[in-house]
């Protein structure tokens, strides 16, 4: 090419490769946009404190959640497993919740009362949240514990079905007891993300059985350490699409399966909620033809923490990117689209490899483009 | 899960999410591994200085190349376009090469004598490299310039066939004159990467016509500014697979099409050379079953600057990753593979989305895994 | 000047300004060199857990210490202040120590049994460490608590004499009771650094009364949060110069006042131990005259975490620095010293502004330089 | 201390150690505040291009200056030293200026016509700026060259008097010829900073002879490389305190010695201009007593690129800092001042170690504090 000697061009040239890099918004707060009709609440419904086998006082869980920008957490101590009982006799299984919720009163954080029904397989470990009294779940028969939770109005989900201590091959599989629980309406959700593990088999179980998809930290130590925050890591969360930011709003959303799990650049959820989340995350801000060409410069801003990994399914090729495009968290990218002829509007279409609407199923996202006048 | 109270586990837990992050090797030196039988030479065969329309003295091009860890560069001033001729009368079109090659003598950098035959379309701009005297290419008829270059033993490639100043829709297309040049053996290669642009149509032209795939910076200003080095960017290069690090070795490799273009996390080249490059870049360092499970922990090290974006095509799912795995530049990742039963050996298979062996064609890479005893 | 056209010079030139920048060794481990005859142990003798008014289980304190590279910690729960007693009845004041020391057994970390005697003024709060049974200190009369601690062989120090809750003007002052404690041999040390506060008045009290200088974190929450680790902060520590890394070695060193406090780029201690620490921290690695000049290039490496802030007291001026020189943590700096004539040896002399051997007293450090032959 | 259980305190605690860290404003633009009555212009009056022994086209010097946020540059090619003359015959010594000033027309950057009178010692190298025709300075007798420059209205300064090629001990000393030049009014200024070197002896010469203090880059290669921009370095500049941002305004300021040199965290200049610059750089934003104490929290914001290194000369000690305080570039620090009794107003006083108003003379800065009501 020739040098562009027009003085006005020199800084534009310097910025040409910006699109290739990911610039985070900084900080540890988890950020995803709302979707039409719903608030996108960042929630973690599985964690432990010194009141079962965790290593912190409940107030630390509140402080972590505030630092992480969460909207809601649930306190879910093991009912039956009490390794600190010598020091913390803890006859009241509601104590962690009581302390955390009192401490959270002056913050905009919802703390949900929960408990982990902790058994061998089946049924393994299961969280009941939105309880009124955790103590009443301390019964011999696990099914009875589920029934008591339901009497209190709980939402119940199966924890880490891929846990190798209870499934040596790491594969989530429904047992007969789980099938019975589902049939009786005693099991509402399933973790597909737990701590640092992911289970695509659990995604299939959720979809085949109408269970809500959950992602949780199951943190026992410190979020800062367990999820490598110093290198930009984050805790797992469940994104909950709620009509209002209240405990009732969250419960209604969970019962209606309006969730997406988020961890390790994986977004996983049902298509009905994934598609509006992706649409809200990738915003076409501007589009105009480069002067004297049929190449449209489309400016796309990523409003989310996800790093988008996109395969181009459009009928057009790009002038600066190949057919696989990465858009970093909170980054703005200019795609130069070769539309061949000048158009007023056109569509970009991508397969979204960092999102899952099934075990190995990636959504296809259409971004309508309108050329600015 | 339960807290792991075994003391030895606490640091292992802290490192669990490392796989999600990309840690660069630091510095601006471009690094790719050698492949069996060939050295992988980092080369840039297109650049300008004050001796045509560039803005630096030729020695700066040598210093940039040394900082970038290149093995070879070509000086390719415009023969016919001399905007500085008022100040630099420049009757000898070899001057930039003479100055640069003299300056480079005390370094391990090969400087190649070249020139850009600079015409309107057709044939547009074309670089002839490995010349003996650039002045002799200053003739009226462009075809004659190509012929003179060939008489000097040159390797000739078409520059930026996607340049919107010469193709308003940005689409590379062969003209009749290019077909004639190819038929006469006067055109050997084609840029698929030029400065910050990429052309998948040029990839197809290369493959259909037996042309060598080239990626070049075409830098006129400063590499530091034009390729956003402060944010981790890098200049485009052609990776050349040569039997020896000499000018003759490079020329032989180019004539036999042993190249891969590299820019903006795109690796593009023929399958014959892409596959060994990918194999050399992703090294299985260790594999062992996690205790008391059928989950194999496979440690993979990326020896290259590429960020690998891999879709899992294996019959196995993973315990910590979903089916799309990112491995950062020079990063080491642990994949936890659910092999269902204990195996002595197995294969991982990935579609490599950051690599192209055709316009929209991604290679499939098989990594054999042997469990450590 | 003229351009240096000698090719070999280009990279040397690029590095010329390195001396101006501080490059940390990375990571959170606190690092200081040993001094002749003594190991430099990094110690924190003041911290809390859920067993008094802290917010973590004792094992977290061990994990923090290991991450921070400490050699020893003391568990120092408030004897009399037990806000969690409803949940943790805690009749045994040794519990935090018991849990932490058991957890630390498989690591190279010394955990010391201590307790905080927690009273209004006088005598305020005081830590007794190296106890055999904390419970026996639970007595009405504070002086009796000190005497019991001493019967157990304790080392006792006054905590945060500058605490504004007990001294509204923030000024440390000895009370008559403190004078009595000192006279009876019941008080051995004094904190000059507590959490994020510093008291130069406490330094004077230490020196006038033969008390050991202490720096402690007094952490109740998380070290990561309270000391801003994400931005390169660190917890306060007491550097202890011990003949051996054992509990007995540490106690002997404390009793003989061989300490330096370290926080917020303040090193504070007695001259006897400060001077060898500074000598060990700033190492002259090389010295040679720049060719054809009388300017000696002296290479100095900082082996410590301290950022050295040095005023030049030498009879020589510098060629690249003014008379105030900063040497970053673990940085190597080249000082170009104008010795006027060629010398075989000479001395550099600096006032060290980041170190204190008295309330407002900075040490003067002499670095002997021998020209390499 | 006790845990602060009041919920509102938890984030305040997290920020306590911020004062210890330096947070740059990011980017390479050099930033210093205006002072009362004058604009603070960032200027570099010494640089080279291919038109003498530099390695870039003049337009690069303009682009570097724009990236560095400069207000004015001077083009100062060597008149007599023309190593590129074989390629750039360059009969007109104004060419670099002509090209740069034309290119700069669309930017807010002043380009000044200058030349370097390049001789052996005496008088060494000297820059004449604000010329009308550089060619007329090409005369045999160096004194005549100075006289011609003055006839054109030039401001003339002695370059790098500490250059070891012309002073083997690196010590700046006036020769008889320099004394004659000063006596005749032919020498107006002296570089105390040149490229990466500093000369405190030159500061003394400036002050004893009424010369203007200058700091310049003398760049021949790339600013990015020579001043280590990738690690936060910057080019040397002369801060000029001008009544207006015009060539005439700058010249008037230089003639009246209203400058401060800036490089490598050294600010050097006459007290008359240094003191208002320091006052404008350190702004007391807020002051209030910490509740129930006599400790005043004084918030100070650094509006400049300098890292302030301050020795406390106030009658008060601090609650979180010792007597040596560092305030990073563009950082805000809270000083907790122990005023002993509650005051409405008081003064802080510091010796400023990063500033020089004489060879080894640091200014003392008084910051008046008014307690907010």
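Residue numbering begins at 1 within each chain, and the chains themselves are lettered A, B, C and D in the order written.
Going forward, a contact is a pair of C-beta atoms (placed from the backbone, for glycine too) under 8 Å apart; a residue touches a chain by one contact, two chains touch by 3 or more.
In this text, all values refer to a predicted model and were calculated from it rather than measured experimentally.
Visitor: Since chain A and chain C are copies that touch, is their contact same (over half of the numbers shared) or different (under half)?
Guide: same
Visitor: What's the chain with its C-alpha centre farthest out from chain D?
Guide: A
Visitor: Let me have the rounded angstrom distance from the C-alpha centre of chain B over to the C-alpha centre of chain C, please.
Guide: 51
Visitor: Let me have the rounded angstrom distance from the C-alpha centre of chain B over to the C-alpha centre of chain D, please.
Guide: For chain B versus chain D, the centre distance works out to 43 Å.
Visitor: Where the centres are mean C-alpha positions, what is the separation of chain C from chain D, in Å?
Guide: From the centre of chain C to the centre of chain D is 36 Å.
Visitor: Quick one: which residues in chain D touch 2 or more of the other chains?
Guide: In chain D, the residues touching two or more other chains are 10, 54-55, 63, 221, 225.
Visitor: Quick one: which bits of chain C touch chain A in the complex? Just the residue numbers, please.
Guide: Interface residues on chain C, with respect to chain A: 50-51, 54-57, 59-60, 63, 67, 84, 87-90, 95, 221-222, 224-225, 229-230.
Visitor: Hey, which residues of chain C end up touching chain D in the complex?
Guide: For this pair, the touching residues of chain C are 1-3, 5, 10, 13-18, 20-21, 23, 48, 53-55, 78, 81, 83, 125, 159-160, 162-165, 168-171, 194-201, 218, 220-221, 225-228, 231-233, 264-266, 268, 290, 292-295, 309, 311-312, 317-324, 326, 336, 338-341, 353-354, 356, 359-360, 362.
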